[in-house]
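Inspection log for the structure reproduced underneath, given as C-alpha cells.
Chain nomenclature is as follows: A, B and C, assigned in order of appearance, with residue numbering initiated at 1 for each chain independently.
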C-alpha cells in the first residue's frame, strides 16, 4: 500500500500536516494505517514532507510496521512526484499490485475491505478505482465509462458537463506497480501543472482494463481548514455509533460524551454529546461544551462556550465563545474574546484562500486559529477569519481580515480592518 | 363601546402598534375587548390604523364579536378624527349611549364595572368621566368641578395651576352617541392642533350634566416605549396575584414563574419570579431571567442575563446582559453585547423623543430595540438609547445615540458618537 | 510599645492607609495591637497621619487601651520623625524599655512573644533587633555582626555586598527610651534623606550591646499596592490553618470558605477555598470566587469571576473577570469589563510607581482600583494598570496606562494609550 501523506497545502493554511491531525488518540494517518493493517496489509510505503518524516517514522515504528518504509517527498509537487519519490522503496515489489491512498481523506474502513474483496474476485484486470456518486456538481475528477469499463477521468469538467455522476476517490488499486511508475515517468512535465498522475492514470485506462467500485458510506476530504469540522463530525458520529473508538482510555458516559484520562470537569460545567474531552483537559466552572472535540491538556476556562468546534492540544480558553471554529495547538484566547460565526446579512461565510475569496458554503463558521496564536481580552473575530501560527490580536479589537503567521494586530489605529 | 386603537405615535418609536403589543397570550387590545365583553358589552367599534386593520379584524373574529366593526382611521389625526372615522359604523346606534376607551391604557377591569354600575345608577344625566387622583403634577387633562358637576377639562395647566387633583382617563361614557358626534363635527379644525375632541367634550360639559368617577386601582398609560416595562410590571403583578391569567396554556411554577408550552429551560439556567417564559422559548444553559417577559419562540442563549426586560417574539440572545430594556420582535444580539442601564453620574436616564431630550424619570433604562434590529458581538449600548426597526450596530462598538429604522453603525470611524 | 502607623506612602497609591486596611473584621493595625495586648502590653503609643487620627483613636478606644496614646505625625518624614512625634506621649516612661514596631508589616504574633522572652532572659543589654534570613538579595537593611554582637546595619548594600544574610524587621527593643530619643535628636537632618533613625540605631549599636533574634515564620511587608494580595494570601492561610480568626461572626464552611453574617450566595455560584465573603455581601447566580477576599456589602454580580483578588467594602461587580487585583472601597465595574492579568509576551508584569517602572515580579497582576473608581461595560484594563480614587474608564475601552485620582478616560479619540 502506498500512502500519500505529503504535500504542504496552502489551501489548508494556517493549519499544517493534515495526516498528523489528531482526533482522540489517533492522527488521521495512524487511523488510516491501522485500518489497512487490520485487513492484513503488511507492506506500506508512506510518502511524507521532510518536516514530518520523524514524526511519521516514530508512528510507523510504534505501530510495529516492520516491512514499511517512510519516504520523503522533497517538495510538494503533486501525486505523480509523490509516487516517484517512493520508487526506491518499491524495489522488489515492482510486479506486485499497488494500492494508492491518501491519509487525510476520511472514509469508513469498509471502503478498503470492499476494494480488496472486489480485487480478489478478479473483477478488474489492470486497475480498480473507488468513486462516489454525486447528486450535484462537485469540483473533482469524473469517471468516463463505456459499459463497466473506465475509459478516462475528466478533472473538474464544470457543471452539466460531467461525463457521469461518479467522482473518483484516492483509492486506486493497480495490478502492476512498475506499469504505474513507468506510465508516470512517461509523462512530460508541464510547467505549472501537477496533473501527471491523472494523465498517467488516463493513459493506463485507455490501454488496460479498469473497473470502478462505488463507495456509499460517508466520506470527507480535508482540503480547506474548515473541513476539520466535517471530519470531526464524521468521527464523533462513528465513535458515538460504536463503529470506531477514539482510544482505549476514553470512557463513554451514559449521555454519550467521551472523556479521557485525568479530565477535570468543574461544578456547573455542562458537556453535551456528541463531544470528546481529551486526556488531562480541564472544563472550568459553568462552561459549556457541545458538538466539539477538546484536545489533550486544553483548558476551557470559567464560563466558556465551545460549540461545534475543534480544539487542538494545549489550547487555553477563558470565558470565550468559540463556535464552528478550529483552534491549533497551544493557541489561546483572553477573557471575553469571541468568535462571531454567522453574518448579519445571513449569507454563507466566505474565506480567503491564497488571496482568493472562497465560499465555504457554511452558514456558520468562526475562527481558524494557527498554532500558538493568541487573541486578547474582549476581542472579536469576524466569521471565517484566519490567524496564522503565532499571530496576535490585541485586546478589545475586532478582526475582519486574516493575519499572517506571526503577524500582530494590536491597535485599531495601526489597523486596517476593511 | 368605541375603542380607539389607531394613531401611529412618534413618541412610541421605534416600537409600533401599542394595542397589538403582546403580554402572554393576549395583545393589549384583546385584553381590553375581553374585559368589556365579560361585562356584557356586545357591540364594539374599534378604530385602527390602516396597517393593523387585518390583524385587528382577525382578532375580533377570533373573539366571536359578531356585532362588532373594525374601522380604519386613515391618518393619525387625534381622537376627534378617530370618533368621526367610526360614524358610519355607529349608524343605528345614534341614540344609544357610547363608551369611549383606549386599548393601550392598562387598568384593572374593575374600572369598567364601576363605570357601568354608576351609569346604571343614573348618577350622570349626560356623561360620566373616569379620573385618577394625583399627588404631584402630571401633564394630563385636569377636571374643573363645581360641586359634583364637571364644568370643563384643562389640558396640561402646568404645575400649581391645576384646577383639581383629578386627571382624566380615556374612559368616557356619553348618554347620546349622536350628540357626541355632532359636538365634534361642530369644532372648527385648528391647523397643527388635534384637540377637537377635548374642545367638544368641554362644550358638552358646559351645556350638559357630567359627573366623574375616581379610579383608585393601578393604571399605566403606554405613551413612551419604556412604558412597556411599566405595563409589564403591572401585568406580571396581576398574573402573580391571580387577578388575571397570561393564558390557559401557561403553567405557574411553585416559585411563581409562568412557563408556556414547549418551553425548554436548560441545566444551570435560573428563572426568578416574577417572570413569564413564552411558548416554545428556550432558556439556555447558565442563563438568568428575572422580572422579565420572554416572548414566544425567543432564545435566551447560554449565559445570558435578562433583568426587568420585555422581549418580543423570536428574539435571539447569546450571552448578553439585557437590563431594563424592550426588544421588538425578531431582534437579536451577538455574543457578549450588553445594554448599559444606568449612568455613571447616577442621574435619571434621558432619551430622545422626536429630537427632544425627555427625562424618563428612570434610574435604570437600557435599550429600546426595534423589530428585527441587530447588535454585534461585544457591542455596548448606552442607557436609554433606541435602535429603529432593522437597524444594525457592528461588533465591539459603543452606541451612545439613537439609530433610525434600517440605519447601520458598523465602524467607529464612520461613527459619530457624541 | 511604640507603633508606627503614619506615613502616607506614594508607593502605595492609589490605595491609602495601609494600617487601616481591613482583612475580615480587623484592620492591620487592630490585628497588631490585639496581638501585643494579648502578650500583656498595656501601654501603647501609636503614631498616625493627621487624616487617620480619629479612626485610630476610635479603634484604640474600642479596644479598651486606656493607657494608650494616639499621636499625630504632621508630615510623612520617616521613622526618626515618627519617634520624635511621640516624645510627649513617652513622658514618664523615659527610663523604661521601648519596643518599636510597624503596623503594616504582617507577621506571626509569635515574633513578639519571642522578642519578649529573649529580652526577659537578659540576652541583650541595650537592644534586641528582629531579623530574617534571606537566601537571595533583598533591598533592606543588613546586620553587621561580630560574633553575637551587632555592630551596625547596612542599608541596601547591593547584591553580593551584604555583610550577612540577616535583614532587619521593624521590631526593635531598646533598654532605654530616653537613650533612643536622644540618639535620634543628635542626628543632624540631611536634606532629602530620612535615615536619621537608622543612623541613630547604628550609633547605639556601636556604643552599646545589641543582639538579634532570627524570625523564621512567614512575613509580608506592605510596600506596593500589589502586596495587599500577598498579605491576603498569608492571612487566608493563617485563618484556614486555624492560627488566627477573621472574626467571631465568620463561619467556616466544611470546604474551608469563611462566610460572614447575612451573606447571600445565589444558586449556581461557586466559592472555592481559600476565600472569605464579608458580612452582607452578595455572590450572584453563576459567579465564581476563589483565592479571594470579598469585602463587606460588596456585590459579585451574575456570572462574575473573582480569582486571587482583594475586594474592599461596597465593591460592585457585574459579570466581570477580576484576577490578581485589588479593588478599593466603593469601586465598581460594568457588565463585561475585565482585568487582563498576564502579558501576551509571558514576562513579569511591570507597574509605574511615582513615574518609574517597577518590576512587580509577578507573572499575574491585574488592576489596582482606587476607592470609588469605576470601569464601564465591556472595558478592559491591561496587566498592572492602576486607577486613582474616583477615576472613570468609559465603556468598551482598553486601558494601558494609569489614571490619576479623579481622571476620566471616556473615548479612544481623547485617548493616548501607549
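One rule holds in what follows: a contact is a pair of C-beta atoms (placed from the backbone, for glycine too) under 8 Å apart; a residue touches a chain by one contact, two chains touch by 3 or more.
Keep in mind it's a predicted model, so treat the numbers as computed, not measured.
**Student:** Looking at where subunit B touches subunit C, is over half of the residue numbers used by both copies, so same, or under half, so different?
**Tutor:** different
**Student:** How big is the rotation relating subunit A to subunit C when the fit is done on Cα atoms? Please round to the nearest 5 degrees.
**Tutor:** 120
**Student:** Please work out the Cα centroid separation of subunit B and subunit C, and write it as a whole number of Å.
**Tutor:** 57
**Student:** On subunit B, where are the residues touching two or more other chains?
**Tutor:** 268, 286, 303, 336, 378, 396, 412
**Student:** Applying the document's contact rule, which stretches of subunit B touch subunit C when the two form their complex?
**Tutor:** 268, 270, 286, 288, 303, 305, 321, 336, 338, 340, 344, 378-380, 382, 396-398, 412, 417
**Student:** Mind listing the subunit B positions that touch subunit A in their complex?
**Tutor:** 266-268, 285-286, 302-303, 318-319, 334-336, 374, 376-378, 392, 394-396, 411-412
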